[in-house]
Structures are given as C-alpha cells and as structure tokens.
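Okay, got some structures for you below.
Each of the two complexes below includes chain A, the first together with chain B, the second together with chain C.
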Partner chain A sequence: MTTTTTNAGNGTTSGQLHAKGAELRLQGVRKSFGDSVAVHGVDLDLRPGEFLTMLGPSGSGKTTTLNMIAGFLEPDSGVVTLSGKDITHTPPHKRDIGMVFQNYALFPHLSALKNVMFPLQMRGVDKKSARRRAELALEMVELSHLAKRLPKQLSGGQQQRVALARAFVFEPGLLLMDEPLGALDKRLRETMQVEIMRVCREVGSTVVYVTHDQDEALTMSDRIAVYNHGYVEQLDTAEGLYERPTTTFVAGFIGDSSMLSCQVRPGGDVVGSGWHTAASARDMEPGKATLVLRPESVTVRADGTGVGGCSVQATVSDVFYLGSHVKYLLRTEAGETVQAHVPRSEAPTPFARGASVVAAWKPEAGIVLAE
Partner chain B sequence: MTSPASAVRRAPLRAVSGGWLLALPALVFLAVLFLWPLLKMGQESLTDGFSTYSDVLSSTVYRRVFWTTAATAGLVTSICLLIGFPYAYVMYRSSRTTRTLLLAVVLLPFWSSLLVRSFAWIALLQDSGLINQTLTGVGILDEPLPLIRTQLGVLVGMVHIMLPYMVLPLFATMLRIDDRLLLAATSLGASPWRRFVRVFAPLSAAGIFAGALLVFTISLGFYITPALLGGPRQTMIGEVIADEVQQFALPTASALGMVLLAGTMILLGIVVTALSRAKERTA
Partner chain C sequence: MRTVPARWLALRAVAVLVGLFLIVPTLMVVPMSFNGSSTLGVLNGDWTTRWYSDLFGDPRWRAAAANSLKIALGTTALSLLLGTLAAWGLSKGTRFGELIRGASLAPVVIPPVILGVGMYTVLLRWELTGSLTGLVLAHTVLALPFVIVSVSASFAQLDPVYERAAMSLGANGFQRFVRVVVPLVAPGVVAGGLFAFVTSWDEIVVAIFLTDASTRTLPVEMWIQMRTQVTPTLAALGTALFALSTVALLAMQLLRRDES
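Here is the complex of A and B:
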C-alpha cells in the first residue's frame, strides 16, 4: 500500500515513512528589524539528509534564520533555495517543510492522531490513508497507544513526540526544529535527543535544529553553525569546532577553555606573560592574539623539571573532584586563569589549594587566534 | 516554558479552609432575591391547579408568542454572531490603538439607556423618520419603507443592544488563542482559509458558545424594544407576561414565566449535549 500524494514523499511499502532529504542553501540571507540587524548575510549549504544545528546565545539570529527558512519571515536580501528551487518568497504553507516548535504547538482541540493527520489532510490526502500514515508516524515515535488522547492528557515528552510525528508524517525533505527540547527536564532531554536522532535518520529528511545548549548540539549534529550577534562565527563538525575554533567566541562557547592573551612576533613566536612557544604561529600576522587551551591538554606539575613543551608558573586557586578527573583552576603570575582537567589515575595525590605549581601543555595543543 | 497542560491551573480553593465562605454573600443574595421569588412564582402558577398550565400550553395565541420569542431570539443570536465574529476577529488582529477604538465603538450602546436607544431607533425608523425622509426626499422612494412595527425594526433594535454580549466573549476567547498554533498550522500546509476553519474557529468555539448563550437567553426576555419597534405580530413573551400582570392574572403570568424558564433550560440542555458530542467527534 502506498500513497504518493506529497511531492517529497516517495510512498511507503515497508511500514515506514521515508522522505528524500532536500538540499538547502542560504545565500547572503539578511534580516533587520528597524535599526537592529538580526541576521547579517548568512550563507549555509546543507547536504541532503544532513543534520545541521544552529547554536548560539539567545538573540544571536538563529531563530530568525530558521523563521526565514520556514517562511514566517521574508529576508531583506539573499536567496533561500530548497532542492534547487528558489523559495525565498514562497508562502510558508506551500513550502513543504516540517517544523517542530519549542512549545510543541499541538492543536489542543484535536487528539494526538488528528494532530498528526492534520498536515496530510491539508495536502488533500484522503481520510483513510491519512489515518493509516498518521498511525505509522505515531508508531515510529512509540506513541500508538496514546493516539486518542488530547494534548493536555499527554506529558511534555509525549507531546514532543506527537509534534515530531506531525512534522515528518508528510515526508518533507526538510525538518526544522526550534529548541524542541527547551521545555523538558535534563534527563528527558537526553532521552529525546537520542530519539529525535533515531527518527530523523529513519525518515531521512535534512534537519535544521536550533538550540542554545552546546551539549545538545555536540551530541546530535553532523555540523554546527555557531551564531553570534547575527553572524555565523563558524560552521564545522563538533570535532572541528572543539579542536579548531576560529574565533575566541567559538572557543569559549563550545566546551571549556582557558584564554591567555599573547603577542605573535614576526617569525611566528608566540609570547605570553610568563610563557612562550617558538614558531607555533608561523602563518599569522604579528600582533595581539589569544592562546586557547582546552583543560584536558593542560597538565599540572609540582615544578618545571622534565617539561618538554610550554609551561607557566601558577598557584592552585581551586580544586574540584569530579569523579573521573580532578579539575584545577590555576592562577598565573600575570593574574590569568588556566583550567586543567587531570585524570584521577594521573593525580593520585592532588595538589591542594594555594600550592605553587607549573601548568604545562604541548605547543600543538594551544590554539592561537588573532584578535 | 511550561507545558500547556500545566500552564493554566490554579491552586484549588479548598487549600484555604472555608474558602467557599467568600461566595456566601452572593449565595445569600441569590437565594433571597432569586430562588425564593422563583419558588413563590411556581406556587402562584399553581393557584388554580394545573389547569392554568393546560390553558397556557393549549392556547394557540400563547404558542405563537412563544414561537415568535424563540425565533426572534434565535435570529438576533445568529445576526450577532454573523457580524460579531468578524468584528471580534478584526479587533484581535488590530494594533493596540485600533483595538481600543473598536472596543469603545462596540461598548457605546452599553453607556446609554436602553429606553433612550429604542426611542432613538423610532426616530430613525418610523415612516416620518430620518431614514425614510431622506430616501423619499432624494426621490429614491415614493412611499416610506415599512421599517418600524416590523420584524426588521425589532431585529435592528435588539441586535444593536445585544452585539457587545457577543463580541466581548468572542474577543476574550480569541485573545487566549496561542499565535504559535496558527504558525504551526501554516507550516503544516494550511492555507489561511483552512487554518481559520480547522484551527482558529474551533478554538474560538468556547467564545461563540458563551456569546450565543448570553445573547439568546437575554433576548428571550426582551420587553421594551419589541414593544416600541415591533408590531402586534412581533409580540414577545415578555410583553404578554407584563399584560397579564397588569390585568392581575398572576397565575397565568407565573405559569407563562415557568414555561419560558423550563423551555429555555430544555433547549440549552439539548444544545450543550449536541456541542459536547460534536467536540468529541472532532477530537
């Protein structure tokens, strides 16, 4: 039994809903409200089936971008194309994009099943096959047994599943999710992250996901676009953002890090207060810069003997036992803070607060960013 | 963000011991000034036994008046809904200033006396009134239109008075509709019209019901307006009861009142049942 009413859907024979992931492209998309620019010329390019997360603090332009993709807002300039088709000015109800809202936005007067049938009926699918496909979608989010319930009779997590089923039931090429887990508690959020990833993989749609939670972004995404003040600061995989941040904002936003101010000298030597590395920034212009250190690449020693790489004198200003590792906050003589995570196995007797130590790292572990 | 399920829920009053005492003044008021007179009225209607009721119910005159009353109230309710819903919708979609202005316009009738307004309608609608004089004056009509002493006159006067009772509950209900539901409907492929039919209108249903209930029940008891603007064929039950009282036929007047009350309650019962069935079906 197949239904071939939606343009993106390619019907189902195996008791599964499956969409053909669409290619999404944003070119120089810009939006301002009055005098304030919400989104400065954003370029994004999504492969079919890719899971892209827009991550950033609130007000950084990620939701505005999402609303322009959905069609709720028209960009001031720039082009949005979906599967090669220019949709910049297409009204939202003709875009065939599934969307999950932060507060789920389930229709309170309709049962879970009728909510999921809604987009199918809007596309002229006859009632019988709409029903069958909605049941299939609810099955995929493991909610078949609650199909007859009204939204208010469902828990937050269950409502979220209905909202998800409703967004993919018409097999759209693109799924948009606007902080869908924002209203759930931490444990449920983690379960739902895995659930959403599974469903998205099964359905096969391209996904644009908005969140301000970096763990969520790192867990779920193929690639992450980090937003700040209306710009995409960096677009990369989770690993790329963590290992190779290109701005101090990204370095600070993704994972923990210490930032030490420094100078790049002609020839690539990097000199900070109380430390230096030789020729580690050879391709950089001389000038002021910041050294970014991830806490797990910093080791803490009693003295400088046998330290091969870089090091700086510091005092322990705080020690935290975090089970798997010990977290140190160190204060350098210049007053800068260095964070270090030392595995428990390497620190059988941790340093006490106030101890004079040496923080050391390998030159290649430090990321030098120009200001 | 809380889930919609927990968003609008109040702490139960019974947490405060004796909280129901707060309702006591109103309960006493209703018991003394409404329930007691109602019982007295019931007693009065039975002065001559059930024969008064059989007379009232078998009289073709009374039956016709009852029918006119229900039909008029029904028509007024429909017209109020028909023009009140779009009005409330425009208010809902308007900016703050426009909204306040529209609200003031619809509330205007509330601020003047019902009697004054009915007489004002006479001045406008009668054969030598403003409308007919203008129309005959400019030569559009040779004869004045029969605007007064007709059903039309009664409907115009009553709708004018009852419109706020429809618009206000509708507007209040619409204000509570979450905008994001409309966005969701759009993103799921609903055109503006289907979004209205499938989402906005059902979510306004509570307001439609509240408004229609208010307008219909209040309209049933109208007395001055049909008396001034209607003809003999537009006589409503309120006028008949008043006549009977003036002729000291208290048992008949009481029996008519009781029949009106019972009829209204039966009708409402049917409507409420039908609506909750319909709600279950759509869910």
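Here is the complex of A and C:
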C-alpha cells in the first residue's frame, strides 16, 4: 500500500472536504501520433483554484492535452509542472489528480459508496475513515441516500455526481474533467453545470475542463483556451473571447458572428464590398482582412439617413421572431451574409423578407482581423 | 397439403438422430454400472449397486481420485494466475501480441504424445517425474490456452477506461489487477477455471508418462484396471464422473447466461 504524503487528511475535522488548489503549468507541450501532430507546443498557466476550460471541435487536441496532464500520454517534448513539481514523466497513479471521465467510468462491481471510497483505500486510508469521508463527499453532491446502489441502478445524472465525488474525495489539488456532461440531455446538463461549479468552488481545487459545447465553456469558466488543429488559438476570459477574438476561428466558434471580407489600406482605412470605415485599423499591416460583427451590434434601418457610423446596403433574406429580439439574416449586394439581433422594443414593426434595408454598426463595434 | 411439414419432420428426425449418436454411447455406461453381470458390457436381468460400493471401498480408487483432485486444483490455480495475467498483457495490444497469442495456443494443436515425451524428458532432468508438482506443471501447459482464450474474451468486452480511472484514483498495477481488472473479467476467469479443471481431470496421455504407482490419477488408474480386469466398477466410475461433468457444464451455462 502506498503511503504517499497527499493532502488526503486535510479538512476532515471541519466536516467539509477541502483541497489546496494547485498551480498547473504546461510549457511547450507537444504530442504527435505517427505523422499527425495532435498538439503543437501548448503553453498554459493556471492559478491555484482557477477553472480553465479547453474548448474546441473534436480532434483539436484538447483531450490529448488533458491526457498528458493526467499522465495517460507522455508528451514528445515540453514540461508539465504541478505546484512547481515536474510531473511530465510521473505515472498517473502517483500524480494525485482527480479525474471525471466522459462516460463516468464508475466501477460497475462496486456500490456508489465503495466507488467513492476507492481512491482513499488506494492511499492506505483505513476503512472507517475512508467510509466517513466518502459519505461526506456523497453528501456534498447530494447523493447520500443512494450510497448503496450499484452504478447501473443510478440515472446518468446521479452517476455523474458519484464520479465527481470520487474525483474530489481525496482532495486533489487539480481536477480534470473530460466532457463530463456529454452524455446528458440539455436540461440536466444545465443543472449539472451549476452543480459542478458549486462543488468545485467548495472543494477549492484547480479545474481543467474539456468540452466542445461553447455555452458550457462560457457559463462555467474563469478562462477558456480555444483549441483548433492542435493549437491554442486564444486563451482568455469568456468576455475577452467574445469582445476581442484574435482569430476568425475564435470569432466563429464563440457566439454568433458575421464575417465580411475586406482590405486594410495603408493608413488604416478598411474597405469592404459596399462599405468602409476610416482609419479603424491603424496598427495593422495593409492587406486582406476580415471584419467580424456581433449580431447585437448591428442595427437595421429602412434607409441610410442619419446613420453616423458604417453601413452597407442589404436585402432581408430571413426574419425570425425570438421573443426578446428579432433575428435578421441580411444579404449584402456583394452576396455576404450579415446577422442582426434587434431588441423587440426597437423593432415594433419588423421588416419583412425581401425588404431593402441598411445594416449599420458603430466603427468601434467591428473587429478587424488580418487573414 | 404443403411440403413444408415433411421437410420440417425430416430435419427434426436428423437432429434427433445426431443427438442420440452424440449421447447414447456415454449414457450406455449408466445401465452397465447398475447391472449384476460381472463382465463389463454384458447386461443380464439383475440390478445392483455392488459396483459402486466396490468403487468407493477400494483405496486405490480413493488415492487416484485424491491425486486427480489435487492436481486439477493445482492446475486450475496456476493456469488461472498465469493465464489471466497473460490475457491482461495481451489485451494491451503489444507489438508481438498476436504472435504470442498464437504461440500460446500451441499446446492445443500439438499431439499429446509428443508433449508427453517432451515433458517427461524435461521433468526427468528436474527430478519431478512421479510427483504431483510435475504433473501440475505439465497440466498447466495444457490448460493455459483455454484460460487465455476465455479470459481474453472477457477482456475484449472490457472498456479500458476502468483501468484508466483506477490509475487516476491512485491504484498501482497490483491494486488495479486485484481490485478492478479481476472482478470485471470474472466471468471469463470462472469459465477458464472450469476448462482448466476439466482439462487436468480428464487428461491421460501426459499423465501416463509422468505418474508412478503412488501418484496415479483417475484416468491412469482406469486405464491400468481396464487392461487387467474389465469389471463394471469402471462403468460405475464413468457414471460418477459423467454426473460430475454434467454439473460443471450446467454451472458454466448458468454463468454464461448471467454474463449476457
């Protein structure tokens, strides 16, 4: 039996499980499988107690990164440090990292309680206190009443709670979650998002969460690392990603957006098909670029009179009534699509399909990204 | 009248005949074991349980049964340990895995006489001929392929995520094997154990090479008795063994039903 000096043992007197959030650092971590590179030199730096989400389409390298943090894969190069300790080549069972798996991975032959006791018993905690602490963990996920059930006698959401309790019961400094809500339906997913956030805050561990669901990422995270083709495209807060995307991929992946191709002229003027803004990209190199517009910063008018900022002539190709706002899909004369969300209060009589309109936005609302 | 019932009847008849062909020779020993005639294979009008009291009263049969049981249990234990570990390793898809898996089946296809001669030579050098240990080792070679095949079948259905989960929860290799792997492949282990037991219990060719007067197993003792005096005691023994195997087979079927 290993007698590792884990922080298993802290916080038991207070009647709460509590971990000391660990600092996680990835430096130039790279992994390839044969000829295909899954993760190109990724750098990440997590503060103790931070909730970081790795967001990206499938095959973008986020799960590979997670598996290197967990120790299931060894990076080809780069260093992983946890609380200042190099763990790049430490085997998974000596890392003291809690993990929640995509399909829960509860041991089918053990009851919920025994599943949660498992990591404590592996650490040589005696049966009695292991039991007490497992009960405490189940209480924190509000599942004490089902402790004796086998995994197959529990619903998806309940299994998810047991998996969560099992991952934090030994008070690890770092918790990893690999699309833990992927198998649940939408309503339950939303409940569990709140639940996971609450438990993680109570426990205090640093969290790395993997998902391909942008709403989940925006709701839960302190910061989000957006993955694409094995690179971290941008690492920022939800607000930063939405307001200041640095690549068209991020702009397209986070929230709705319209993209208009344009040219940056020397001096910073931006010229598109049927529109232009003066000197709005002064710090950019001249060349091809893309203008990103969030739908709520676009207004729709009957004509161009009184439009102070930028505007483009367009035709309404679709109108959707979405309760709080009206969603327009507009087609410019150059054939590009602009999306606009207009609050119901500002559009008492919405434009009909086929109407000729002007889409307008403030120059500072447009994000110009170089190709 | 359509022709379908005729075809159906023909199929039924063939099936019944094949079934009888398979089972009647085995069942023949049952009436023989209860018949009064003292020559095996001749049935007369009297019925008796004398052959059973002869069988259970004879110290030679009891000694042989005890030897067989010890050897079969030893073989089961050793081949389960080695076979389950082997199947675990092979389930990881190592580079030469398929080659090793193929090689591990060799004892099934090599004629037992060849194996017997080979083992006799090796065990003679190790001074293990005529010992229970030697026969356990030899029978383990014969039983191992069955254990590997049946445990591997369980591994093929085992999601590797359970082992990863155990790893992430702090379990080392030994703890994973005992606490997670073995319980999850238990159906294959139990089936493999039954195969291993039966393989050793029934085995005669290698046993003839490796046993002496004090370590004779049941099949060897039967063979020797058969060549000297053909009494219905053999039929009584056959019936007893038949009953035992039937119970074992039924147990295996029940387990398989649990699995599915």
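FYI, the second predicted complex is superposed on the first by the 364 of 371 C-alpha atoms of A that agree within 3 Å, B and C clash if a C-alpha of one lies under 4 Å from a C-alpha of the other, contacts with A are read in each partner's own complex, and residues count from 1 in each chain.
The definition used in the following text is that a contact is a pair of C-beta atoms (placed from the backbone, for glycine too) under 8 Å apart; a residue touches a chain by one contact, two chains touch by 3 or more.
These numbers come from a predicted model, not from an experiment.
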Fit or clash - chain C, chain B, common chain A: clash
First (chain B), second (chain C), both or neither touched by A:A105: both
Contacts of A:G230 with chain B and chain C, given as first, second, both or neither: neither
Superposition-derived comparison: chain B or chain C, residues of chain A touched: B
First (chain B), second (chain C), both or neither touched by A:Q159: first
Partner chain in contact with A:G182 - chain B first, chain C second, else both or neither: first
Chain B versus chain C as contact partner of A:G21, first or second or both or neither: neither
Touched partner set for A:G49, first chain B, second chain C, both or neither: neither
Candidates 1-9, 19-27 or 109-117 of chain C: the single one with C-alpha clashes against chain B: 109-117
Contact residues of chain A, present in both the chain B and the chain C interface: 70-72, 92-99, 101, 103, 105-109, 118-119, 122-123, 166-167, 170, 176
Partner chain B, residues of chain A touching it in the complex: 70-72, 92-99, 101-111, 114, 118-119, 122-123, 150-156, 159, 166-167, 170, 176, 182-183
Touch list for chain C against partner chain A, complex: 159, 161-162, 164-172, 175, 179-180, 183-184
Chain B residues within the chain A interface of the complex: 1-5, 178, 180-181, 183-192, 194-195, 198-199, 202-203, 205, 279, 282-283
Parts of chain A lying in touch with chain C, wherever the complex brings them together: 2, 4, 70-72, 91-99, 101, 103, 105-109, 118-119, 122-123, 166-167, 170, 176
